[in-house]
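Paired with chain B in one complex and with chain C in the other, chain A is shared by the two complexes that follow.
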Partner chain A sequence: MPASNKFGITKKQANGIDCFYLEGYLDAHTAPQLESAFQESIDAGNYKILVNFRDLDYISSAGLGVFMAFIEDIRNENGDIKLTSMQDKVFSVFDLLGFPMLFDIEVNEINAIEKFLSKNSNDLSK
Partner chain B sequence: MPSVLKDIISKLKLNYSSYRIVTLFAIVLFSFAKIALDITFFSINENFFLTFNLWHYISEIVLFASFVSYQFTLARINRNLEHNQISIIFNKRLKGLLFHFAIYWTFSVLLGIISDLTRDPDLSILLLYDIKLVYSMIVIGNLCRFIIDWILYFRTPSTKKYLTFIAIHIVIASSGLFVIEMLNTSSYDTINLITGLFTIVLVISVFSMPRKNSWIASLSYKKKLLLIFYMLMISFFMMSDLTLEILNMSYDRDILYFKAPISYSVLNIISLSILVFFLRIILSTLAAWPTTKIVAKKNIELESLSTLNRFVVETLNKSPEKIIITASQIARQMTNAHSAWTEIYSKELPKQIAYSFNISQKNLTYIQNYTHFTKHFFNCQDTTLIDSIADNDYLYPISDTITYAKSMIILPLYSGLERLGTCILLKDTEYAFESEDISILNTLSQNLSIALQNASLIQDSIQKEKYKSEMLLAQNIQRNLLPKEDLTTNEFSISAFTEPAQEVGGDYYDLVYLSDNTPCLLIADVSGKGISAAIIMSQMKGAVQAISPLSDSVADLMKKLNKTLFGTIGRKNFITVAGLSFKPDGTINFVRAGHSPILVTSDGKTKKYMPKGLGIGLTGSSLFDKNLDEVELKLNFNDNVLLITDGINEVSNEKNQQFGYNQLIEILEFKNLNSAIEINKQIKSKIEAFSADDAHIDDMTVISLIYRKNTNV
Partner chain C sequence: MKLMQLKNSYLKIAMTSVNKHIDNICVKANFSELEKIREFVFSYAEDYYFSEVDAQKITLAVDEACTNLMRYAHNCNFDFSICIDIFISDNEFVVQIIDEGEPFDPLSVESPDMKKYFAEFRKGGLGIHIMRSVMDNIKYQPSQPTERKNILKLTKFLPNS
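== the complex of A and B ==
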């Protein structure tokens, strides 16, 4: 049984991207923490969100729901939520649901940041 | 009451009270008879002197014995009465006795004067003496009864022994006195000595008789004073009556035969005992005098404690605000404060006034306007005594408005650790509160905290009960959403079970029929758990019922489901579904919409199938439909298929390991299992053996299916 009290979010900002580092267990009890973290970024007008899963050990369906809740609004604002550095068992949960078809899931952070940046320059060039 | 008498009573079938009435009747009758006979003897001839005297003695003894025994039958006191109740009763009776003694004494004095004046005794004086005699017996009898009541109420284990001892001594001493009196001489030294000796022993034993006099200490000054006053007055009347008699006797021997000789013996001895008895009580009362104030304070404390305990019990089902008001009232009464108010804090200051006593709303509003001042109250963590308001400058809002207020107590009110409010108590003189007030208020504050917590616990449990019964209803409804009939067909042995983690859950399974009547099994898991998941699950059930007859294939059913449910179940929610249609020839078609893998065991080998597919409700039709793959397989006899929700493979043990798929595959590949029910039984027992505890954290659902030869052919 996952210990639902063990969950943490660390937020960093790099190149105008809000990077969230998750650790522990993301489930129905801890999902609201991530939700309010995303909400804060959106309220601040930051629509480029990167979520690093390196230290996340478990994700439940309620945890997945958080990403679904925000992705539409964020993409409408020309932003994105990119997911990176997942452990295999966490990735398999995303995979089972078909998330790779909905989200940009990168192996590492640099790829994700590059994608954000290149999209930026694309936008500028347009 | 002698046992012979008891026998007679029982034979006569008289009960106690009728016996008492008969006795009283006999006494009254005998009293009149005595008076009548006295008069007759007196008027017939004075030469009957000896007979007259003899009659006098005998009648007196009989009269006295019957009076006293009658009074003893009345001597019953309820020992269950509390001390303060009994002190009221005894005081009342002492008052009555004193009244009678006063009348009796006045009567005696007047009679003494009259008999002094009329040197020559006549009939009327004799009559008056007889009346006086009867009255004296009534009064002494009453007094005896009072004392017996007193002794019995405060009885100790040795009281009975003492009473017997005293009674014997009274009989002997009074007999001695009687003999001395009869012989009318002081030359019989032996009798004098014996009588004197017995009298001394009597006095000592009455004085030292053990009784619980400690309760006297608990009486107030006023009650003690009254007790002493009554006893002193009665003693005075008794003693002066004796003196009168002796004085009378000394100068008027002639009148002797008018007097009751018993008065000199039995009555005197009894009076003496009573005097000693009173003396002892008066001394005990005086000894307890200096502690009266302390005891009174202790009594108030005790009363307060019982009030406080009652408070906790009586406020069990009241609202927190009412409990606080009750506590404030108690605080004011206990400290006897002249004015008081209680403010309750909500999340933001300023707060509301829950209770006020003897303070105008205008003044309260004025004080409340001084926020620094109310903040000061809020910051008081403990009960704070301010002996002089004038000495504390910052308290000017109070001295400005409530001019008579000179001292105050600030009493913070808590529920557990949560600060709820403050009660302010005011008095009109400096140093008017006592340190005991603080300790009482502290106890009150603790009890208030307990009372509030109890009340909230009770509220919670009522809510919980309500919630529980609602949940049971919901559970029933949800059970009815699942197929009730046997799923097994001619060619397929099918069995399913579901176990929600809470009363209701988000797992779902069903058997539906597509447009071409092909049976189709569905297993689904709504994201999240509990009520929210259950509501979405029932939404899904409705959609499935409506859509399945319109669907050509299991994939078509999924696509239509997603189209219907996307956007209606909330952005955060989604449903993972696996659908499997099967035909009698063993052909199965299945899709997986974000759901756990489908296990197919064919020829003893199990394969996990994970065709492409997004969860329902995650995305719109274009993306969903494009990414949904359907698998078609042809089963052989005894091949089986297992559909599960992730609650099964994610069951974990103490070491936080997951149940996984391997144990499931083992069961599926075990050849001897030839019914779906048996497979499910095996899965259940393996999970039970594996899991850490009985309560699983996620809903669990299993559908197993075995393709078999048509048993009906």
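== the complex of A and C ==
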């Protein structure tokens, strides 16, 4: 699939977490790219996913739908999709529909990483 | 004097019901056209003094409406067109979306209870909920037997109206 110049995903791995950095516009046209990226992580057995929204300027319900499509399976595998660093205009769309009820939305990446790591140590201590 | 007041109020009512056509854009029913639609709507919403936040909300509602048309009404058949007209009255900003697909009244879809939606990990169906949440009024007129032309009108009251 040709990459859209209006949407981009950069992936980095750190501490066993797949971190995705989104930029541009996430709509019905570009959402399939994010879907493939998440699917790749899951296929590789990585269920700890962090999504950094710092450079994302726009999201529609097609974008929100990608998170709904994966969250159940990922949590069933003891993983999570944590969302961080949203601009106000993007957060307002998540908030409008009540997504903070279901998703862990952190102000910055460090908070999200710490939550993933502290969950790991809790698991070990059980 | 009373007659004058009556006349003025009549004029005001008459004015509010007259929509002035501002501009029009027609695009192929293809997701790749969404960006063009958003730029078109956003720039006019800003021209008519909506705050950036409200201009973004109107743009989002139009994106959602067009996404649904492209996905469902046209079954991703890109030969169809979607036309978007902007109208202004003295207190309303109206975005009219015309398509030639199968008629489907978005107002027939109930907004989901989001607590249940999340508890059951449901998928889809949020576009119409967004449209309802951000616009002040939505009207739908399905096409007549003589002409394949569905009309969806999304209205937002102008700031300070």
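Note that in this section the second predicted complex is superposed on the first by the 121 of 126 C-alpha atoms of A that agree within 3 Å, B and C clash if a C-alpha of one lies under 4 Å from a C-alpha of the other, contacts with A are read in each partner's own complex, and residues count from 1 in each chain.
Keep this in mind: contacts are C-beta pairs under 8 Å (C-beta built on N, C-alpha and C of every residue); 3 or more make two chains touch, one makes a residue touch a chain.
These numbers come from a predicted model, not from an experiment.
Chain B and chain C, once both complexes are superposed via chain A, clash.
Once the two complexes are laid over each other on the shared chain, residue contacts for A:101 go to chain B and to chain C alike.
Look at A:25: by the touch rule set out above, it reaches chain C but stays clear of chain B. In the overlay built on the shared chain, the residue A:6 is in contact with chain C alone; chain B does not reach it. After overlaying the two complexes on the shared chain, residue contacts for A:42 are found with neither chain B nor chain C. Between chain B and chain C, it is C that contacts the larger number of residues in chain A. Only one segment of chain B in 474-482, 546-554, 582-590 or 600-608 runs into chain C in the superposed model, and that segment is 474-482. Shared contact residues on chain A (touching chain B in one structure, chain C in the other): 28, 61-62, 64-65, 68-69, 72, 96-98, 101-102.
Contact residues on chain A toward chain C in their complex (touch as defined above): 6, 25, 27-29, 58, 60-62, 64-65, 68-69, 71-72, 89, 92-93, 96-98, 101-102.
Those residues of chain B that touch chain A in the complex are listed here as 525, 527-529, 571-574, 576, 594-597, 610, 612-615, 618-619, 623, 627, 652, 656, 692, 697.
Residues 31-32, 34-35, 38, 52-53, 56, 60, 63-64, 67, 70-71, 114-115, 118, 121-124, 126-127, 129-130, 133-134 of chain C are the ones touching chain A in the complex. Those residues of chain A that touch chain B in the complex are listed here as 1-2, 28, 61-62, 64-66, 68-69, 72, 96-99, 101-102.
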